[in-house]
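In what follows, subunit A forms one complex with subunit B and a second complex with subunit C.
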Partner chain A sequence: MTAPFIRMMKLSNSSRQVGLKLKRFIFWMLLPTFVIVLILTYYPTVEGSILAFKDYSVFNFQNIHFVGLDNFKTIFEGPEFAIATWNTIWWIAFSVTLQLILGFALALLMRKPFKGRGLYAGIVFYPWALSGFAIGILWSWLLNGQFGLINDILIKMHILDHGINFLANPKYAFISVITVNVWYGIPFFAIMILAALQSIPTSLYESAEIDGAGSIMKFFHITVPYIKPTLVSTVLLRIIWVMNFPDIIYGMTRGGPAGTTNILATYMINIVYFESDYSKASAVGLVIISALTLYTLFYLKLTSSYEMGEL
Partner chain B sequence: MKRFLVIILTLAILMLVSIGIAQKVTLNMIQVFTSPQRTQILQNIIKEFEKLHPNVQINLISPPYETAYQKVYLMLSIKQPLDIVEVGDWSLEGVVRLGRMENLEPYIKNWSGAKELVPGLLKAVRATGGKAYIIPNGVYAKALFYRPDILAKYGITKVPQTMHELYADSVKITNPDKNQYGFDFRGTGLPTNFIDIITTSYINDIDPSNMYKLTNGKLWFKDPRAIEGLKLYLDFYKNTAPKDSINWGFDEQVNAFVSGITPFLFQDPDTTGLLNKLLKKGEYKTAPLPVGPSGKVYPSYGFGGWGIPNYSKHKELAWEFIKFFTTPKISAYFCKEYGALPVLKSVYENDPYFSTGVFEGWKEMFKNPKKYVFTSYPLANPGWTKWTKYQQDTMQQCLLGRLSIEQMTDKWYEYWKKSFGM
Partner chain C sequence: MRKKHILAKSFRFFFLSLYLLAAVVPLFWIFITSVKPSTEVYTYPLIYWPKHFTLENYKFLFLFANFSQYFKNSLFVSIISSLVAMSFATLSGYIMARYKFKFKKTLIVFLFFAQMIPAYLIMIPQYKMFSDFGLINNLWGLIIVYVNIAVSFSTIMARGFFSRIPRSLEEAALMDGCSRVGAIFRITIPLSLPGLAAIFSFSFVNTWNELFTAALFLSSNSKLTVPVALYSFISKAGIQWNVMSAGLIVALLPTILVFAVAQRYIVAGLTQGAVKE
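What follows is the complex of A and B.
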């Protein structure tokens, strides 16, 4: 009785040592990444947040001091912030919803193999590989009222008599930037959803068919529930990215005309470039970070409650 | 013995080479008005300087124009190695306020070239508290660019002399069905000059030392003459320019001018460098800016120049380079290739290139300072930094019909009243 017990203890001790060694190994391997993230992400975030409460601009590099909530008062008092906030909400709502629906549709179409699927997928997914800013500039010329290719085609096809001022009219300008963003973001949803769709066992559909389920029934009772985790994480990520994605708007309109296509991110950049008021820009940045943090906490809480069956 | 001598000789050569390398001084120089063409021109000048100073090597930093000042501010703030720094007039006060620029007055005092500078230029540079922190490398002022070939098609052979003639000619040729317009409107990219040139041409008593004040010290924004001027500015947009031009900056303006869509353009001389490459000789010309009902027009001098950070370890060499850049030969080369107006009197006197051909418009304007009143902007006022974007945004709102002219000028009045502490 004693001998097996001692042997077991020895085994347990050695496995504990192995576990400890493994933990140390993991710690040392993770440490460089942790330090880099700390220095390059968290330190600037904290410094930037502190800056939001100071007076720091091109005209004041020498006497930097705390000004409390003055920068926030300044941004909240101006009409630009309210416009940019509303625009950000519409920008996210339309962009993500349409990207999700169209990306889903594209993934469903590409789910079954067909001749040339690889090539087709390559072409469709190509925009995602390009720089957002470059795409913005490209589309600003395509949509140009005088020299733009799109107007030229529409006029030559006798659909239009005169070119449309896509980026000069505030209403069209905002629709234009959202449309380009939707076009740009569809591949991301399509890639993610397609990968998830391919993991659904075909036997589930076969069983459902035997039970007499139609296409709509299969979609809502097998496809959607099965890929729900992917949908949740993709939408969560995409909302954060789209909110922090000034590239296309900046390339196309720089927030204009008259600030009508500004979202919070482009509004912040414009403050840095044209006003050189770094603390005011930091205040806008802090608002963005706070909104995203609240959103993420709410979203995670909601999804975990759902998974635990509370909702 | 022979082997020993070879070793000694090799070592001696190596030592000399290493001493030579060690003695080579690197000057870091940053430009702000970056373009591929300009970078090449500066590289050519640097090569010439390096030939004269074999122990000097100049490292040219060329950040994209849009982010150039952020880079300059950053480099100066954290005292990154920098010996020669370019600054434009609109940003000079902000850069000087960093407290990192060397006061060049002691250098200017012992420099014979200072007397050769165009009259009034040093005074303009000294807007920063009466001290010069840069030596200008080029002067910029708006003139009227026009396309005689396009205008001739519509029977216009006489260059407009007044704002109303320019407007009438522009209306005459505007035909949206043919994608033909008159005036090359600038709606974005900080169109301050364009707005002010047309607006102030209605006023005969602008203070030449402050574009936004009258000679009696009052602001002109609520003056009925200014309202009339702004009405004309809006009419140019509504009746003679594409609606899309509310989003036009420099690139779009040049594109429209080159393609002939808009044959009248207000621009600076650096545009000539680009147009000479894109158009054939004679396809474009320049003329003085049209005058307004006041019989005057108020262009402003713009300039860029080279300065020295006060923490530079090679101030004397940096000054040598600045002096070299301001010699007649180099200044003329830079201005010809890049398209700026020269900063030296002798270049105008000795080089016919700058008084004929495409430079004729400026020559006429310089000859008649009572009609073409060169006026300064309040660049040293802290309100200036935010003004150009504020003016652009409020003007765009007015162009879109979201603000009336009176509402807009009320805002401008309040802005400058507060900025001037009136």
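What follows is the complex of A and C.
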């Protein structure tokens, strides 16, 4: 369908009619992608924000109408929302920091070639592709209080003298889900940082060695500055991703015991599944979307000023 | 100097082994649990190597717990939606890589934002919308949702892959008398096959793993996908961990296989963009 007029285009690129045809060609090629994203991502985002001010629930399908700020009052009144908000902040801060440090360390260890490095990478990086939810379930078995492998190892190493039911105990449950999230996220950082490390020209190190620089000097004066753009963009993107990653928590505790491991995402999903109050859940969703939008704008501003060399 | 070298080497070896253990042991333990009879699972001290190796748990899953149906549903939904998303992304990604036009930057930001919005945040309005069209509890309805989940990131990736294929190659083919579309099919598409493989695998993994929308949309037992089936397992009281472990292995295996085949391409797709930035 497109072949004839494109060949025509080649003959007379400046012709106005051909310009119009090219425009049409571009339009039709882009259409499927943008229509589906518009209808299934943007429209629901707006619709969801409006639902936050209505009374849509499994008990009220028909006469959905505006109820003002009622949903927000309900969520702000209970203690769960505040707990979930603080947990979200800790969840992001600890997960991303530790993923970065341990992922960076792994990338540095893997930097110089060794026998079987490809295979090693394949095995060590595998958690990255797996379902967070399944990983959560998997770890809840490993952390089982009676028959869990982790307790058994800790007892054998004389760190514990009896098993702890990690996920039933509010004191350990949140630490446990963060630890598993760190485990899950290390490969991603290692992959990104390793690729960046391998793009550093070796000549930089050679000339530094001639100037008598030691390994610590080289690390801080060549390695870190060179991969800084990758570090910054990976961390910034990862923050959004971790904030919206309820899967592991859902597999391990579903926010329990008593809401102590809820982040905003799991809090919202629990309202959908267990209270079936879709408008109340949408109110939580609107809070998340607002935070997300502000953060993304901040991210775009930061990366664009980064590109212009202001940072 | 030499001593220092050996010390550094064993230091490195030690930590590399530590990472390896941390990565392998959890999956290994789940596998061991999945081939044990329940008498060896619920016992103390723990049994590290099964005394009676058994496939009973897998048999139970597929014969009595309807897992073959869930597995088929998941494969169907993930493969179709990834293929559709890949086709759409090929069209739009090619245009975004090759042509200059008005609003191009706006459209890129449009996709970038869309990609930031997670599935669970928009599943309620989608649910409302799809129930108006009778697409709830319907695998095709879920496929439409999954195409949307996959398409924006796929387009961004496709644009990256296409823009790394030099335009001069296409032009050379044109000089040799190839048509423009012919050049796309003979030069650009074959050269971007690794890229397309990466896009497909990435979408496949994401849709295969999706739980929250599927759990809201699907209700009848014959329609469930694997993650929803696992979810219904853990919501029931008294999990049989040997059966659960077999279910986890079944849920994880396809993504491990896809990852084993396509890891190189996926990683290249992800990191090239990052390094360029």
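Keep in mind that, in the parts below, the second predicted complex is superposed on the first by the 263 of 311 C-alpha atoms of A that agree within 3 Å, B and C clash if a C-alpha of one lies under 4 Å from a C-alpha of the other, contacts with A are read in each partner's own complex, and residues count from 1 in each chain.
Everything below uses one rule, namely that a residue touches a chain if its C-beta (ideal position, glycine included) is under 8 Å from a C-beta of that chain, and two chains touch if they have at least 3 such contacts.
Bear in mind that the values here come from a model prediction, so they are computed numbers and not experimental data.
Partners subunit B and subunit C, once the complexes are superposed on subunit A, run into each other and clash.
Subunit A has more of its residues touched by C than by the other of subunit B and subunit C. In the superposition on chain A, contact is made by A:Gln62 with subunit B only, not with subunit C. Of the two partner chains placed around the shared chain by superposition, subunit B and subunit C are both touched by A:Gln146.
By the document's definition of touching, of the two partners only subunit C reaches A:Leu51; subunit B does not. With both structures placed on the common chain, the touch criterion links A:Thr253 to subunit B but leaves subunit C unconnected. In the superposed pair of complexes, A:Asn165 makes contact with subunit B only, with no contact to subunit C.
In the superposition on chain A, contact is made by A:Val272 with both subunit B and subunit C. Looking at subunit A, you'll find residues 144, 146-147, 272-273 touch subunit B in one structure and subunit C in the other. Residues 12, 15-16, 19-20, 22-27, 29-30, 33, 41-46, 88-89, 91-92, 94-96, 99, 101, 107, 109-111, 113-114, 116-118, 120-129, 144-145, 147-148, 151-152, 155, 174, 179-182, 205, 208-209, 211-212, 215-216, 227, 230-231, 234, 241, 244-245, 248, 251-252, 255-256, 258-260, 263, 266-267, 270-272, 274-275, 277 of subunit C are the ones touching subunit A in the complex.
Listing the residues of subunit A that touch subunit B in their complex gives 57-62, 80, 144-147, 161-163, 165, 167-170, 253-254, 256-260, 270, 272-277.
Those residues of subunit B lying in contact with subunit A across their complex are 66-67, 69-70, 73, 77, 93-94, 97-99, 176-177, 179, 187-188, 190, 242-247, 252, 255-256, 259, 261, 382, 385-386, 388-389, 393-394, 396-397, 399-400, 402. Interface residues of subunit A facing subunit C in the complex, by the touch rule stated above, are 2-3, 6-7, 9-10, 22-23, 26, 29-30, 32-34, 36-37, 40-45, 47-48, 51, 56, 105-106, 109-110, 114, 120, 122-134, 137-139, 141-142, 144, 146-147, 149, 152, 183, 186-187, 191-192, 195-196, 199, 229-230, 233-234, 240, 244, 246-247, 250-251, 265, 268-269, 272-273, 278, 281-282, 285, 288-289, 292, 296, 300, 303, 307.
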